[in-house]
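First chain written, first letter: the chains are A, B and C, and each begins at residue 1.
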Amino acid sequence: MNRLLDTGLERLTAMLLQMGKVAEEAVRISIESFMTGVDVYERVEQLSDTLVRMNVDVEDKAFELIAKYQPVASDLRIIKSYIKISNDLERYGRYAWDISFIHKRLANFEKCEDPLAIIEEMGEKVISMVQVSIEALKTHNSELARKLIETENEVDALYFRHLDHSTEMPMSSRCLITNTLVVRYLERIADHATYIGESIIYIATGEKVVLR
Amino acid sequence: MNKKLLKQTIFFQIFRMTSALVILFLFVMIWTFISNGIGVISWTFLTDMPKRGMTEGGIFPAIVGTVYLTLGAIVFALPIGVASAIYLVEYAHEGRLVRIINSAIINLAGVPSIVYGLFGFGIFVVFLNFGTSILSGSLTLFIMILPTIVSASREALLGVPKSFREGSLALGATKWQTIRHMVLPYALPGILTGAILAVARAAGETAPIILTAVFFFRPSLPRSIMDGTMALASHIYYMATQHHAINLVRPLTYGSVLVLLSIVLSLNILAIVIRTRYRRRKNW
Amino acid sequence: MPVKIETKDLTVSFGDVDAIKNVSMEIFTNRVTAIIGPSGCGKSTLIKSFNRMNDLVSNVKITGQVLLDGENIYGTNYDVVTLRKKVGMIFQKPNPFPKSIYDNVAYGPRIHGIHKKEILDKIVEENLKKAALWHEVSDRLNSSAMDLSGGQQQRLCIARALAVEPEVILMDEPCSALDPIATAKIEGLIRTLSRDYTIVVVTHNMQQAARVSDYTAFLYLGKLIEYGLTKDVFENPQNDLTEKYLTGKFG
């Protein structure tokens, strides 16, 4: 039986997955360009703005469905979580933009060699987390969502390693600030990927978990 | 005009005429008795004893006899009829007993009145030795109208919404309190209507009382229920068939018919009035 | 949490059909418990077994127990009249008696032997106030209850039930015949009354159950499928059938 609410939920899911695509691109190109020194600032800014708008749209749509259909049980959990996830995806875009912005403003797209290896490893992990979070969202796969915690722990470890490393290594303050901020943004993106994972587990099982 | 429509109009008119026929019959009958009987109606006709072998005088004992007989019948029939209706509607569970009682009521209602007469004669007059008396006649009429009273009372009780009973019982009222306060008061008009119609029918019955209660001629009022009496219906029957000068007393016969007819019709009208007033007042 | 009513393995059947099958549940004191489920799932039968209104049906058979304050109401010595005084009932269609507003409320107390006018006056006023109807009818207590609107009639029925000082109030789809505004008033009343009474509401309106109740029981085909705190049942039902029913994915 097709319920009236189903059409709305399908639309909401489509909007969210579209956001996922945009966010994934923003995160990926901002990190990649930071490593390669390419200027993608404007593109990332565009993507981030799109995500801000889409976040508002998702929230509107979700409230419309609540007002119209008073969803309960799994429907309610989905809508409540989608609002949160939409916010997380918007944050992906925002931190991607932050990376691009710092890269442009402080580094003028130049590389700071050290400790780029850590940032590279972190970047790869964060991109994979973003991809996994979106993949889990597509199918409400709580198993996949639970896997995010491992990567999250690895990202955190790298984050602390970077902090220790940069206090010990002599380097220009420009590089120090740039790298530290970027590492910080990556860590935040990883956090939001974990939040999405928590939301997906809640949708699928009703269980309210904290993956941190 | 469309053929179908024409057909419909024709049938409609035929049906209309047949139903008009019913009214026609009633009016012809009433007119016949009024035109033939009105001449003898007078205060003395209603209040005098019959005189000179019933060729002169009034029909007072017959009127009184009819009143006694029907009152007697209803005095027995109303409490017993209502009580059994209450049992059937409120207490009895669907089952064999109820089915037997129901078919008994239906069959009792279908028995010809002469059979009641013979039955009353056998039981009350002879076996119980009440003789030809108002008591025997009343009891016979009572048995005859009992099914009508039970059916009418049952319909009236069933007409009281179930929600009244539920509402009352849910407040902790007993079954009897519920029946007493929430059922009977609202069934009463219906019961009364049924009772009046039954009385009207009893007043017009001839066969049952001829065999159990009435005399051909008794120019005095009954002094007790063990006395026999005259009655309107039987009086008319005797005047029209058994009298030695049928033609001579014909106007008196018509006069008696008119009186009986008036009584029966007034009772029916009373029943109708009660029913319509009650329906108008009913607001659930 | 003190338990007001407890059913133990309750089965109610009509002829060969089991309307309620082995239901065991606890109804908590001064809480609103909603019973939901699709039509014919046995909701009404279940609450009618709490005040033995099922007894009115001729071919009913009841096994198991219903304990009110720990006492089996189907026990041989239990007095049905006392039970129904303690456990009042509000019906689906407002069923005021065709009497005056005053006499409706006074009916129960009178049945139970109160006849003094001053006492009855007090009872009538008090309970019309409790049912949030007093200020609407205080100037026409002697006019017919049938002239009230549907919502007012239902509140009158609540006042009438309260007048015999019950401890539990059973409501069998109390708003199904009412418009949304009248419904909202009854729902507000249910919440207010739950401070002093244990209330069990049968409803086919899930949103209503969500709004008014502390606990929700889901019945399906006579079986108790799920029972728990309303917020849990509506946010995260444990049983797949409950989930399907709540989200309208049934059948």
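Note that a contact is a pair of C-beta atoms (placed from the backbone, for glycine too) under 8 Å apart; a residue touches a chain by one contact, two chains touch by 3 or more.
What you see is a predicted model, and the numbers here were worked out from it, not measured in a lab.
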{"item": "Chain occupying the most central position, where position means C-alpha average", "value": "C"}
{"item": "Taking each chain's C-alpha mean as its centre, the one farthest from chain A", "value": "B"}
{"item": "Gap in Å, rounded to a whole number, between the CA centres of chain B and chain A", "value": "94"}
{"item": "Averaged-CA centre spacing for the pair chain C and chain B, given as whole angstrom", "value": "48"}
{"item": "Between chain C and chain A, distance of the C-alpha-averaged centres to the nearest whole Å", "value": "51"}
{"item": "Junction residues of chain B - those touching two or more other chains", "value": "none"}
{"item": "Contact set on chain C toward chain B in their complex", "value": "51, 53, 56, 58-59, 81-85, 88-89, 91, 93, 95-98, 107-108, 111-112, 144, 146, 157, 160-161, 164"}
{"item": "Of all residues in chain A, those that touch chain C in their complex", "value": "1, 3, 5, 70-77, 206"}
{"item": "Footprint of chain A on chain C - complex, ascending", "value": "206-207, 210, 234-237, 242-243, 246-251"}
{"item": "Residue numbers on chain B that touch chain C, as the complex places them", "value": "93-94, 161, 163-174, 177, 181-182, 186, 282-284"}
